[in-house]
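Note that the chains take the letters A, B, C and D in the order they are written out, and that residue 1 is the start of every chain.
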Amino acid sequence: MRFFSDNAATVHPAVLEALAAAQPTDAAYDGDAISGRLDAAFSDLFGRDVAALWIATGTAANSIALATLCPPHGGVICHHAAHIQNDECGAPEFYTHGAKLLLADGPGAKLDVAACAAVTDAIGGGVHWVQPHALSITNATEYGMSYAPDEVAALGEWAKAKGLGFHMDGARFANAIVHHGCTPAAMTWEAGVDVLSFGFVKNGGLSAEALIFFNPDLAKVARIRRKRGGHLLSKGRFMAAQLLAMLADDIWLANARAANAGTARLASAAGQRALYPVEANELFLRLTADEAAGLRVKGFDFYDWAAGEARLVVSWDQPEAEIAALADALALLP
Amino acid sequence: MRFFSDNAATVHPAVLEALAAAQPTDAAYDGDAISGRLDAAFSDLFGRDVAALWIATGTAANSIALATLCPPHGGVICHHAAHIQNDECGAPEFYTHGAKLLLADGPGAKLDVAACAAVTDAIGGGVHWVQPHALSITNATEYGMSYAPDEVAALGEWAKAKGLGFHMDGARFANAIVHHGCTPAAMTWEAGVDVLSFGFVKNGGLSAEALIFFNPDLAKVARIRRKRGGHLLSKGRFMAAQLLAMLADDIWLANARAANAGTARLASAAGQRALYPVEANELFLRLTADEAAGLRVKGFDFYDWAAGEARLVVSWDQPEAEIAALADALALLP
Amino acid sequence: MRFFSDNAATVHPAVLEALAAAQPTDAAYDGDAISGRLDAAFSDLFGRDVAALWIATGTAANSIALATLCPPHGGVICHHAAHIQNDECGAPEFYTHGAKLLLADGPGAKLDVAACAAVTDAIGGGVHWVQPHALSITNATEYGMSYAPDEVAALGEWAKAKGLGFHMDGARFANAIVHHGCTPAAMTWEAGVDVLSFGFVKNGGLSAEALIFFNPDLAKVARIRRKRGGHLLSKGRFMAAQLLAMLADDIWLANARAANAGTARLASAAGQRALYPVEANELFLRLTADEAAGLRVKGFDFYDWAAGEARLVVSWDQPEAEIAALADALALLP
Amino acid sequence: MRFFSDNAATVHPAVLEALAAAQPTDAAYDGDAISGRLDAAFSDLFGRDVAALWIATGTAANSIALATLCPPHGGVICHHAAHIQNDECGAPEFYTHGAKLLLADGPGAKLDVAACAAVTDAIGGGVHWVQPHALSITNATEYGMSYAPDEVAALGEWAKAKGLGFHMDGARFANAIVHHGCTPAAMTWEAGVDVLSFGFVKNGGLSAEALIFFNPDLAKVARIRRKRGGHLLSKGRFMAAQLLAMLADDIWLANARAANAGTARLASAAGQRALYPVEANELFLRLTADEAAGLRVKGFDFYDWAAGEARLVVSWDQPEAEIAALADALALLP
C-alpha cells in the first residue's frame, strides 16, 4: 500500500482514452487542432483570456515561468523548502541563466508578506546585490498546507508594489482549490498571480502539465523557451489531449477531492501527531522509528522525512480499503 | 494525403498498448522496473554495454549529448544544414551553455573528413579561438542521404585523432540502418560514435526517444542534465514502455522499411528530378511552382523547400494507396 | 621593428600622467568624480546625450553590448571574419547566454544590406529557428577597410526596418573616423547605431575602452552586466581617467592619424600587393614565403595571415624611421 | 577622514612606477616577459609550483575559481554573508552557468566543519538535489575575522573527504597572513586549499588581483574562462607588473601590517563595542545613531551596517593622524 508519493500513481482512464482518440495525424508540434483548443479551455476555466502551454514536467513549467519573470541577473523570492530550491536540480538557475533564489522562511513552507519583506529588506541597492524580480509560492505547499485566496492576494499586492512578478507552483493546485472551495480565478489572477504551473500529472495525468500565463503576451517568449529547452514535442496533440481530458467532466477536481478526503481521514486518525494543518493530500506526522517500522510491517509504504517524522501522501486513485486500513493503524498508535 | 513530415504520424498500436500495460504504480522517475530494463535492452541491440536514457524529444537528446561532449567554451563541428544548427532554436547552445557550432559543408547535408578538416584547419590555437571538442553528424541526413558504416568510421577515426567526441543525431537512425542493412553496432560504436540520439517518435513512437551512451560512464552527468532540463518525467515508466514496445518484434525496423520502400517507389517515379540520392524516407525534388500546385490540387500535402524545390516525406504508416497515387502523379510530370 | 599588432603598443604618456593625477581617494567603483565626468565628455563628443561606461577590454565591451541587444534565444548577424566570431573565445555567447552568431559574407570583412538580407532571408519563422535580434559590424574592419557614414546608415536603416539592434565594434573606431574625416555622430547614432564599443587601448590607452549607449536607458542593465562579469573595478577612477586623457586635446585623433598615415605610406610602397583598400592602420599583402622571410631578415616583425598573405599593422607610436625602412623594403619587392 | 572602505585607497607608488617601467612594447595578452615571470614569483612565495593569473577584480577571480571547481549543476558551500553570495551581483552564478550557493552559518562570517556538514547533511542524494562540489571561505572574513592555518586545514580535510574543491577568497589575504604570522603556504595548499583569490587592490594595487592554482593543471581552463569573460587584457604586462611590484620588498605584507595595526589601535579604543574579534583591518562596532552622527560631525566617514552597528575599515595608506584621531574619538564614547 503505497503512500510515498502521488507522483507515480496510475493514469486516469479518460487520459488513456484521450490518447487513443488523438491518433489521427495532424500538424506537428503545437499546430494541431487539439493543442489549438487549450487557450480557450483554460480561458473558460479561469474566466479571462489566458495562454496555456502544455509541458512535460512541473520542473520545466516552473523554470520557464521563472525565466519569463526574472532576468539572469535577478532573484526570485521563495521558501527555503520550495520545490524549485530543493528538488529540481537547479533547473530554475538553468532556465533563468543563473538567477538567484532568495530564501524566505515560514511554517509549513508557507510565506507571508513579513517573511518576504524580511528578504527584500536585507538587500542593498545598486549593482552589487542581486535584486529581486519575482516571487514564487507553492500552493498547496510542500508540507501540505494551502494558501487561501486572500493570503495569495496579500502576497500579490505586495509583489506588485515591489515591482515583482508573481508565480504560483501549482503542482497540487487542484488540491488547494478543492480545499478552499474557491474558483481558479480567485486563487490566481484575481489575487495577482502572473503565471501558474498547473499540475495534472500527480492528479491523474500521464505526462502533461499546463503552464498558464494570465497575461498572454508573456507566453510568446515562453513558447520559444519551451522549444529551446527541448520541450516542444512533435506529436503535441497527445499532450493537449491529456489536459483536455482532465478538464472534461471536472476530473481534475474529482481526483483532488478523493485524495484530499483520504488525507483528511488519515489526519483525523493521527490526531495530535500531525506536524502541519492538513489542507491538501499530504500528511506529515511525528512518528518514531519503531512506530514507522510497525506501520511498514503492516504493508504501508511511505517516506521518512526528518528524524522522527514521516510523510504520507494520498493519491487520486488510492483504494478506499488502503486508506481505511492506514487510518485504523494510525488510530492504534499510542 | 500528407507527405509534409513524418513527425506528426500516428503512433504504432503496440506503443499505445504498452502505455496501458504500464499502468500499475511503480517507483517514480526512472526508478521503475520498466525503465530498469532499458540498459539491458539496448545493450542487447548494440552488442555491448550501453547506458540508455529515455527523453521526450530529439532536440533534448541532441542537446544533452552535445553538452556531455563539449564544454561551454568549446565548439561542435556540424553541417550548416544540420538540425542542431537550424531547427532547434539554439537548444544546443542552451544546454552546452554557449558552445559554438562550427559549420562544415558537403552535399546533401553529409560530411566527410575533408569537410571537417577544413573547419579545424581554419582555427587558430590559444585561448582566442573557440576550440572544437566534438563532431556531430546526422544519419540519415536532413536531406535524406545516409552514411554507410565505413563513412562513419572514417569520421570516427579522424575525430578520435583530433581528440573530439563523436555524436550521431539519429532522428531517422532506423531508416539509415535499414538502408544499409547493417547492424546498429557497425553504424555507431564500432565506427567510433560516442553518443547516439536514437529516434523513435518519427518512426511510430509517441513521446520517447532514446539517448544512448556507448561509454556508460558518460551517462552519469547526462542523467543530471536531463533532470536539470526538466526532462525527468515522474511517471517515467510510460516513457520506457514506448521504447521497449518499439524494439519488441523489431517494430522499429519494420516501420523504417515501410517508409524507405515507399520513398524509393516515389524516387523511382520521380526519376531525374531527385536532388539527392534517396537513402532513407525523404525525397527532395526539383519542382516548379506550377507542378507543385498541380500536385496539391490532386490532394498531396508537402513542403516547398527552396525556390523550385520540394520535400516529400513518407511516414511509417503511410497508406499504400497514397504512395501509389503520388508515384503515379510524379510519373506524369513532364 | 614590430608590425604584428597595435594591441601591445606603448601607452600614451598623457594616460600615465592621468593615472598619477587620479591618486586621491574617492568613492569606489564608478561612484568617483572622474567616472562621473564620462557621460558628459562623450555626450559632448557625440553631440547628444549618451551613457558611457569604462570597461577593460573590447571583448567585454562587445559582449555586453550584444547581450544588451539580443536575448539568449536570439541571433546576431555579423561577418564570418568578425572579431566577435573568431577572436573572443565565445565571449559573446557567454554574455548573451547562448545567442547565435549568424554569419554573413562580404569582401574585406565588410557587410552591406544584401549580405545581411541573405542571412535573414534564409531563416524560417516560428520557434524552431533562432531569430535575428541584432546586427554587429566592425569599423574599421578586421581587414583594414572602413565603412563610410552612408554605408553605416544604409545598414542602420535596414536593421531598424527589421527590428534589429545595431552594434558597432569600434576597436579601431578612431582610425575609421580619421579616414573618413567625419564626425563621431555621423558614423554612429546619426547612422542608426545603438551601441558602440569605442576602442582606446590599441590607440594609446592602457586598459580602458568605452562602451557607448546612444539610448542611455540601455545602459542600466549594461551596468549590471558589467558588475556581473567581474568588470566593475573598485578603483574605477583610474579607468575613467584614461579615457578622459585620450579625449583631451584630441589625442585619440592624433594617434589614429599617425597610424593611418604610416599605413598609407606602406600601402603606397606595396602597390598592387595590397589585398584590400587601405582605410585604417592595417595592410594585408600578397607575400610569398621567401619574400616574408626576406623582410624578417631585415628586422620586420609581422604575422603571416593565410598562405601567401601577410598582415602589417602600424601602431600609434610607430617610429617614423621604422615606417620609412619598411616602405623602402616593400618598394624593393619585385 | 575615510574609514568606509579599503577598496578605493590610493595606489602604492611602487605600483605606478612599475607601470611606467612596463612601457616597452612586448607580446600582447599574457605572452609578455613580465607576465611570464608570475608563475615563478608566486611559486617562490608559496613554496611549490603554482599557476598565477592576473585578473582585474576579486569578483572575476572568485567566479573563475568557482567555475573551475564546480560544474553548472553543482553547488558551492559558503557563508550566507560571503562576498560571493551578497556582493558580486551573481557573478559566481554567471561564470559557473548557474551553480547554486549553499549557505552555511557561523559567527563573524566564519565557517567550521560542523556548519558545513549541516549543509551537506540536509542534501538528499540522486539527481533531484544540487550536489555540493566545492567549499569557499573568505580569509580574512567579511566581518574582519581570520582563519588560522589549522582552522583552514580542518575544513580542507573535511572538503577532501567529501570530494569537494576548496577555494579561498583572499581579498584580504595579506591581512590574514599578517595577523597569524604564518607562511602563505601554511594558510593555503598545506591546508588543502586548491585555488586562492589573492587580493592586491585593497592593499595598494591598482587593477590587478592574482588567481593562484596550487594544481597548475587547473589553470588551463581558467585561462580560457578569463579570455571568455573578457578579462584577457591586451597589454597584460601592465597587470603583471603591478603584482610583481607588490611582491617586491614585501610591500604586500608591509601594507597589511599597517592596516591591521591601525585597526587594532581602534579596537583597543573601542573596547567592548567590538562585535567580532578584530583579526584584520575591519572593525564592526555597536554604535547608536547618535554616536555615529557624533563621529561624522568630527569628520569620520564610515558605513552604517545594521541598525545600531557600524563598520570601520583602515586602509594601507591611512594617515597615522587619522587613526589617532578616531581612536581618541572612540575612547570618548560612553
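Here is the rule we go by: contacts are C-beta pairs under 8 Å (C-beta built on N, C-alpha and C of every residue); 3 or more make two chains touch, one makes a residue touch a chain.
Since we're looking at a predicted model, the values are computed, not measured.
Across the two candidate interfaces, B-D and A-D, the one carrying more C-beta contacts is A-D. Rounded to a multiple of 5, the C-alpha superposition of chain B onto chain C involves a rotation of 180 degrees. Averaging Cα coordinates per chain places chain A and chain D 42 Å apart. Taking the mean of the C-alpha atoms as each chain's centre, chain A and chain C sit 50 Å apart.
Centroids built from CA atoms put chain D at 50 Å from chain B. Residue positions 72-73, 88-90, 94, 97, 127-128, 224, 227-228, 232 of chain B each touch two or more of the other chains. Listing the residues of chain A that touch chain B in their complex gives 2, 5, 7-11, 16, 19-20, 23-28, 32, 55-57, 59-61, 63-64, 88-91, 94-95, 201-202, 206-207, 224, 227-235, 237-239, 315.
Taken in their complex, chain D has these residues touching chain B: 71-73, 97, 127-128, 221, 223-228, 232. By the touch criterion stated above, chain D contacts chain A in their complex at residues 72-73, 75, 86-90, 93-94, 96-101, 103, 124, 127-130.
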